[in-house]
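Structures are listed in the sections that come next.
Both complexes below contain subunit A, partnered by subunit B and then by subunit C.
What follows is the complex of A and B.
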């Protein structure tokens, strides 16, 4: 600001403050999301005093982990302007195949099988979207139906296979260390670090933003867009597989609808977290906070004494409200 | 279904059409089956009313129609289903009696809007009226999803609410796991005859787990085949609607324990319903059922 300008009037100061706040909110969107998260936790503790304890935080993180890992894959795909509607089916397949093969094949190979199937479905998605140019929505929706169908057939074959979730998977998915540190953080923290670092610092991360921002420009600049997309969907499939195995560990059972309830939350977490569904903008940090907000929201809705339709409306309204408020802040 | 058709020795051909949860598609399928000249149709209806027209067409041609699992209102069709009202009533009554008529109870329902959930809830409410000392401190919808139920019960356990008993609509072993993880003493739990829960009721009895599995036999399709064959042979049941009564397998009585132990099979899927016979209809063995082979296969 130059010294020759007259002193700003009080109302101008307020306007500038507001603009300043908006600018800061735009830059520090994660901060505003964290404030919302803390507010929700505080509300929970007001409704049921004493509920928020170390134990509660620990188990909330355990429940948020599979959603957070699913949202990692979803973030990577959404950054390119795509969407992966097969994440829930892939997570289910990975968890179920792992559990049903554990007795016959041994624990480690069973986990490997589960992840292999997840990556394979991701590869098919990637080829469909990247090479054959199928709309991501249709491609991944179709694949989720294909996977669910195969799983139903497989269940009939595997029903007498003594399905059991391996002990170490249960320990990772639902155990805690030193009393309160959730074990699934050994999966989630490295994944989060890798995704956040990869998106900010690696060449592949920049390619994802470039493809999402303007695929034609990216192609003209010499980016092999199809390769970027194939790798992207394989990563999303693999992350969904890891989430599914974590989820099987969390519930210590694997059924053929293991991950089904996570599809829409995985998308909501990313959108709340500020990643544009049109691609090119966003990041995984916001999705992590989005996943935590959704998990706390479910706790809140379980605790309040309200009829189910009211809970559903509230859940939807809060997601809508956050997403809308966020989009306004970001676009102004 | 395939197993019962095979062991009956009376079915020459079993046509299986899989179209779930879509009434209009079911109408088209039934039309095709009528044209194919079948003797009997056993179906799991997607809607109680939408199929009435096509069911009438079938029965007009002398085809026996048996709806299993869900109700149809067509007056010429037979209906064979689990009595979900009694599932809710008997399980809740057992729980309230275990609590000597006083205490705080959590009701973990199924999916909001599902007919079976509504019927079970009505049964639960009917039992609740008989025990004025019982208070429902929380009622949740699990959507019959383990992960959802796990988070709900875990939140309720850390909420400081006093919980003396838990009634579930079938996501049962998940609740047992939550108590184990939280290292809280077990309270009486009502669940379904899922393999994992039946196993828990046996193996954790020594650790103080008191509970009951209410049966909800899944292979009603097989029973439907048996009923259709009976009707084709001229043995018509007295009532158009036949409700299979659930049993309560209680791990505190010798009789209940014996039934639980007979049903438990560690080799099966954790959520496989272990009560696989529907007397007096089904005549297959468990091996027949698991082989899943139809006539001629």
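What follows is the complex of A and C.
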């Protein structure tokens, strides 16, 4: 600091501090998200002292797992500038088909069926978006109508065979080991590790960012964009299928509206987590924290004992508020 | 109806008619498709007549208004995923206020509900402008807010409306082949959208939807255009909610959920580009009728009407694929 310059006024220092904080927040968005998460948990503990315990953390993770896995697929798709509106329908289909086929086909084959359907829907989405150049929004929305329609018809046909969630699926979805470690981490942790590693280190991960950032440049650089997109949507479908089966295990039941309430949260988790809906920017780490924030938010809204309408209004308003704050920080 | 008729009346330049047909090809094709569907229905169901047309018009009215709402948002480059929730809100507001009221009061309430819808839509638009969060995220979040408010107004299906108010959408107008529901639809779209489309403001919606930056640099107030488009969207959504009250006679806080995505389907089938800046109201309205007639036909054919949803989704995707292939071939040639 040179003596010739006048000492900065307090307000200027504050402005610089704020700018500094903004810059840091922009570079380390995940840190500010973690701070928000911790603040929410602290608020929960203030409202209901003693609530936050190992058991609470364990059940929160159990509830966050399906959303977190759905958000993984949604992240992969959004990084290419797409969106997958069929994740909820696909998750429901995988969970329901798995449960309704378990008695007749055996547990392992039923799970395989569920995942197969999920991957098949993802493949159709991928071909539509990648090869036939349909806008992702329309393609996945159309497929979600198709899947939901087929599922309604299938439910009428399959009504004879009672839906039963296999025991090991329930154990993974809702059980804990060693007292408090949630079993669904067996699914979620490897998926998270693979997605984060894949996005940062693998060639395919780089291609996703490249396609999302500038598809034309990617194509001119010799990337076969359609192949990248087809694989991307198959992965998203498959992850939605895994999430649906995990969800069936969590609730121990399978109905044809199993995953319907997860569509907005899966998008919100990714957006809150800092992945741009226009593609090319973001990552799965933020989406994980986003999924945790949304799950804690739901339990916060549950314990303040507000009536359901208020909870819905607050939930929507808070998602919007966080997304707005986030956009402001990033665009500054 | 609008532009093709207008060109036909005008003293014909050589090729003017041909140009109009080409420019409105999609709309004309869609109306021909609707006609084909009607004829097909007549073929498979002998007694299909004026009464069934009336039923169709009543059934299609809420979806057609949802499609009109979505179109208003989409031409300006947005998308409103809270249309269904707004419709439910208007539906329950109307039904809970109109219960045991006279017809005159009911009309006043209907006007209030329309104003409320426009204000709610304006709030959606203002939030999109102020937060700079993508439209789809804002309106998805707002769908929770409006859905919650609807539950607050009426937690369970109930309420009611005076019979005269319900009769607005049923019955026929002048001849037996023109159902009142169609008249209501044409009037509400004709009185709101077409005057707007002819003003500078209406043109600015298309300009912003086509290229927001270019519109801004040409001196268009982008924020105002966005807010106006969402306001009109909210207005049509409220009209759709009133239509639900007319056709069902009660209010249901969850009645609207179906119309968000089906409205998008009708808009896409109506050839309105989701990228914004292109498309009118006529084609989406025909699309709404087509999407309503499909489940009826399935029922007549003895198939499960639940396949209607499957066909709706498949048509939506196939239509966009076809449009993509056509434009690909045209640009390649």
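As a convention for this text, the second predicted complex is superposed on the first by the 315 of 332 C-alpha atoms of A that agree within 3 Å, B and C clash if a C-alpha of one lies under 4 Å from a C-alpha of the other, contacts with A are read in each partner's own complex, and residues count from 1 in each chain.
Just so it is clear, contacts are C-beta pairs under 8 Å (C-beta built on N, C-alpha and C of every residue); 3 or more make two chains touch, one makes a residue touch a chain.
Only a predicted model underlies this, so the values are computations on that prediction, with no experimental measurement involved.
Aligning the shared subunit A places subunit B and subunit C in steric conflict. Contact with subunit C, but none with subunit B, is seen for A:138 once the two complexes are overlaid on the shared chain. Contacts of A:108 after superposition: neither subunit B nor subunit C is touched. Shared-chain residue A:156: touches subunit B and subunit C both. In the superposition on chain A, A:308 makes contact with both subunit B and subunit C. Looking at the shared chain after the overlay, A:261 reaches subunit B, while subunit C stays out of its contact range. Using the contact criterion defined above for the overlaid structures, shared-chain residue A:174 touches subunit B, although it does not reach subunit C. In the superposition on the C-alpha atoms of chain A, the part of subunit A touched by subunit B in one complex and by subunit C in the other spans residues 156, 308-309, 312.
Taken in their complex, subunit A has these residues touching subunit B: 48-51, 53, 55-56, 59, 63, 66, 100, 155-156, 158-163, 174, 247, 250-255, 257-262, 295, 298-299, 302-303, 305, 308-309, 312. Here subunit A touches subunit C in the complex through residues 83, 128, 132-135, 137-139, 141-150, 152-153, 156, 264, 267-268, 271, 277-278, 307-317, 319-320, 323-324, 327-328, 331, going by the rule given at the top. Residue ranges on subunit B touching subunit A, taken from their complex, read 112, 138, 140-141, 143-148, 150-152, 154-156, 158-161, 173-174, 177, 181-182, 196, 266-272, 290, 292. Looking at the complex, you find that subunit C touches subunit A at residues 79, 127, 130-134, 136-138, 140-145, 147-152, 155, 261, 264-265, 268, 274-275, 304, 306-314, 316-317, 320-321, 324-325, 328.
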